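Here is the structure we will look at, set down as structure tokens.
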């Protein structure tokens, strides 16, 4: 039984610069899910961008072994990056790049590391939402330090999961809901109201245009609140 | 300049059992893209399904080194499965599982290998569409051989890519279109008209509800033709 | 210039069960160094202990990429566990095992994951000290739940680094001190005052028996305070 | 029971430029064995050849998972190149280099990828024979495009397997014969009638000089037909 | 300039049980080449032999980093077994298995490790020749200890390299000769005078039937002396 | 029962330049333990030292598979460097660097490979002791050849293990003693009588200051004899 209303978000708490070393960081606690997002900046770009004047934004995602109910062995112990991890960090990277004008960033790479401390559903959405904050704070710092003259930020980016569970359209699924969802959708948007990524999967169920509409509408409503929260955190920096 | 109409598919040709060894195979030539899809069946399941009576359907995707314009080194030479590969083969696997009642399949695993011989855009959609044919033919064979009494197939599954390129909604993007698309969407559906997976990405552009509607409408129209083609191939077996 | 006295510890703060999923956890903030220690329990042992009735305690150590000044790539990106990591996690494992009667633990494995959130020197000592707390809390939980009838804990274990820097014997080196130390020693002790591990290295300098005596004396004094802190945290649980 | 005569080859069919992307390709169907050979050209050489003015010819060999009766897991799933694969691709590379004047090739690398679509014995000989065609076609293309002024080809190279099975000297072993052969020999020759490589193995039997003579005589007769076939395919290009 | 006659072997010295731990070992010093061959026996077989009553003989080959003029990095530092190593250890394994009746060996595995201490040409032949001695001594030990009742040894196996260098047929090539040889052939035989493996390669030259005859004749003459040496070492045990 | 006195060393035998290829080598036989130490010199340094004028000394440690009672699979077969190996080779590297003035060495790297032929306890101390000899001989050679004008050697370095076994302080533990030791300590010193590394571990027991004193006193007495032995070997070169 869900204690929240169908369209209600879990409580979200953001702690800026929780850790000291990276250029900027944000610890995002989203219900019981907690992800530490850290942005570091390096003065180099992948080989295919060298000499183009363009920068790069990339993301890495990882779950601490003790972040899940049953201990989850480290990738290094199997010498393989889990397929799920590859899929998620590519999604985070694409989402964050949508927020940045890579030409204005110049030939530097921002890496956003998203390390899941506790997992209770929605870790990829928390990573995108918190990762955007770390990224935006890092850019503010570069502007302040004079490394950048002009901001390369084009818009804010955030994400939320929605789904169909026991026939109901729910917003912000926690693990117990997610694991039995008929349809599961991750919606990444800009604060201007456009889609950046839309990934819906109906492995256990199927969905039609009506459900697609209901799911995206629920996501949009939730994302408005999330963008307000992001904005407050970043502006108060 | 596109020679096809915006909503027009490239020419698709399917050759059944092109190779001899697996239970069933389908070579799908989709414009200049060619993918060899092969289904093999093993009497074992992943550890977490042992003793449950349920089966498993999984997929692997790989590009031959010479399938792309510039030679693409084999994963084994880098000891790493490319992140893109992991992402794609997970999508194919989820899509194909939507077509199968895993309980009726029983404790066996069907592996669908999708090896790209030539890549000119749309390899993941060709893999899902051709992979479904290999899967369905393999099941027909198991039924004929009496290994299965009852068909576990629930529906047909196929996929097509749609996108927004130079401001136009196009169906079935080839590489030259895909690489400059503002929005790129892969639509996986059942022959009953439901979505299985919807993956839209607007890394270079963004999209709103109107475009979402136009994209899915274009995909649906194309998929009707693809389902007819699939059906003919499988029934003539 | 050191602001602390030569024998003075940095401020240590311990937060119990900072994360929710593992059996027990302790976030240890030691000056600017922060390590998240989590204990998980599994009902299996390494092959060579199966059937012996004895349990196992092991540790893994890892630094988040953004925990250091310059971003430190993940081991998985190089497919190799760094030699330094291997060395440290073996030290943590041996140290924690000294605190436990493995026969009384029974055929189960306690894994203590030490993930460094911020690194400013002394991460291995913080891992041992915090890891012992996570371990002790996990054992208390198993006793409370009736999984264990009798406590397998034999003693408390903690660690501190000492060194010779610019000719002075210093206790609890931070990174700036550690990186130019002539002699660097990690001292792991029990609360009964015995050594568990003593690892002194004089790569940049050398040391004699007098310095050995001064270093161990300094460590012992500091460890008395650390044991008191540990005790308070665990008893208040 | 063999339906062919002892010295008779299986039916060989060669399809040129079966796939579109590489510089040249040849699909060789040899009885039920089918290998796709593709030649790509890159303007770089291995480090030890840089600045020498000499080029390089190398080969990679791989079997599709569904090319064998029992599905053969991909090397990447085990993170190891199979020893047999290493052995075969080194043989193909040495054989093809015998056909090329590396100084005339200039500082470029031709990579010949041999991917086995269906395996029914003789895949290494089919790879060498088909790989030579892909290589020769690629060189013709470079000459036509003016990249090369003078042909670096010194001779044609082809291969056939011979063996002793149930006491008989057989030419061109299929899998069922190969797997019970007492002696198994791969003979790589030039169209001038010289040996390039001779690899005979008598793990299940042994052989003397008389059998060595009978085996090489049988191989030579078969290779004359194969060279005629190769020539026709390449000249008609 | 060769100081030996064309058909003359380098000096060969064999030290039995040079190292203490394995069941049997032989250090073979062959000119400046030195290989330590060690046979260990385990009471298990590869999965596909379990329950068949048959045993297995396998070999591993490795060069110490300092065995070559330029230091040769360990395979583990590149996470890859070199292709040349794979090729050689498969050859050694096949050669040694020719000497053993695997049914009489029973369900156990003999592993022969061939570690090259110094490499000056002919390491694979030294490994086969010395590996056979270690294998034969191990079997003698198992017979003496009553583990085996009946000897599974069928014949002796040894190897020698021959080649064509500067137009001359030479026996037992050292590195300086091998590296400029037009034709290079490794001949593995039984003491009964049959071929076990014949691997000739003419990458830098080519060869005809006359040279094949001259090469094998030279190898046979040398092998007679080597078999006598082997026999004396093993019988004196 | 120990046949030696508690403070007595096993018999140590050192063979210089046992193998031919590296700049210098030393085979050290220490009781039944045998380690082949080889020093090679390369004109390059790790990236972080390039341009600094400083050189580097590093070590690698490995056990031959047949060096232990039960065959020990090669690291490459598991694609992982064992944690114990990483720990040991880091210790050897730090110890040897203490003997060398890296500025006087200039921008070159000396790699000391320590390959264990037979293991019967004390392999890390034998590696340090023998590795120092290989290193010192290599430096003598570089001086003789005029590559170096001034010796970079600062002192000699050697190591010995001491421990507490059955309540007794023993020097130079063999495997049977080491595996049941309550306390196990490796002491690395200079011939000037200073400590380089001190690694004591009390996993099975614990130790106090009195035992620390007794252990280091026993080590010091033994090391005096070892330094005399080293000196004689190096001076006679």
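Assorted remarks:
Should a chain be cited, it is by its letter among A, B, C, D, E and F, assigned in written order, with residues numbered from 1 in that chain.
In this text, contacts are C-beta pairs under 8 Å (C-beta built on N, C-alpha and C of every residue); 3 or more make two chains touch, one makes a residue touch a chain.
Note that the structure is a prediction, hence the values are computed from the model and not measured.
Note: the chain lying farthest from chain E is A, by mean C-alpha position.
Spacing of chain C relative to chain D, judged by their CA centroids, is 58 angstrom. One finds 50 Å separating the Cα centroids of chain A and chain D. With each centre defined as the average position of its C-alpha atoms, the distance from chain C to chain F rounds to 28 Å.
Our note on geometry: chain A versus chain C, Cα centroid distance of 33 Å, whole angstroms. Shared contact sites, meaning residues of chain F that touch two or more other chains, fall at 79-81. Here the chains make one closed ring, and walking it from chain B through chain D gives B, D, E, F, C, A.
Note for the complex: chain A touches chain B at residues 79-81, 83-84, 86-87, 89-90, 94, 97-98, 185, 190, 192-203, 206-209, 212, 216. Contact residues of chain C toward chain A in the complex are 18-22, 25, 32, 34, 36, 38-40, 42, 60, 62, 64-69, 71, 74-76, 79-81, 111, 113, 115, 117-120.
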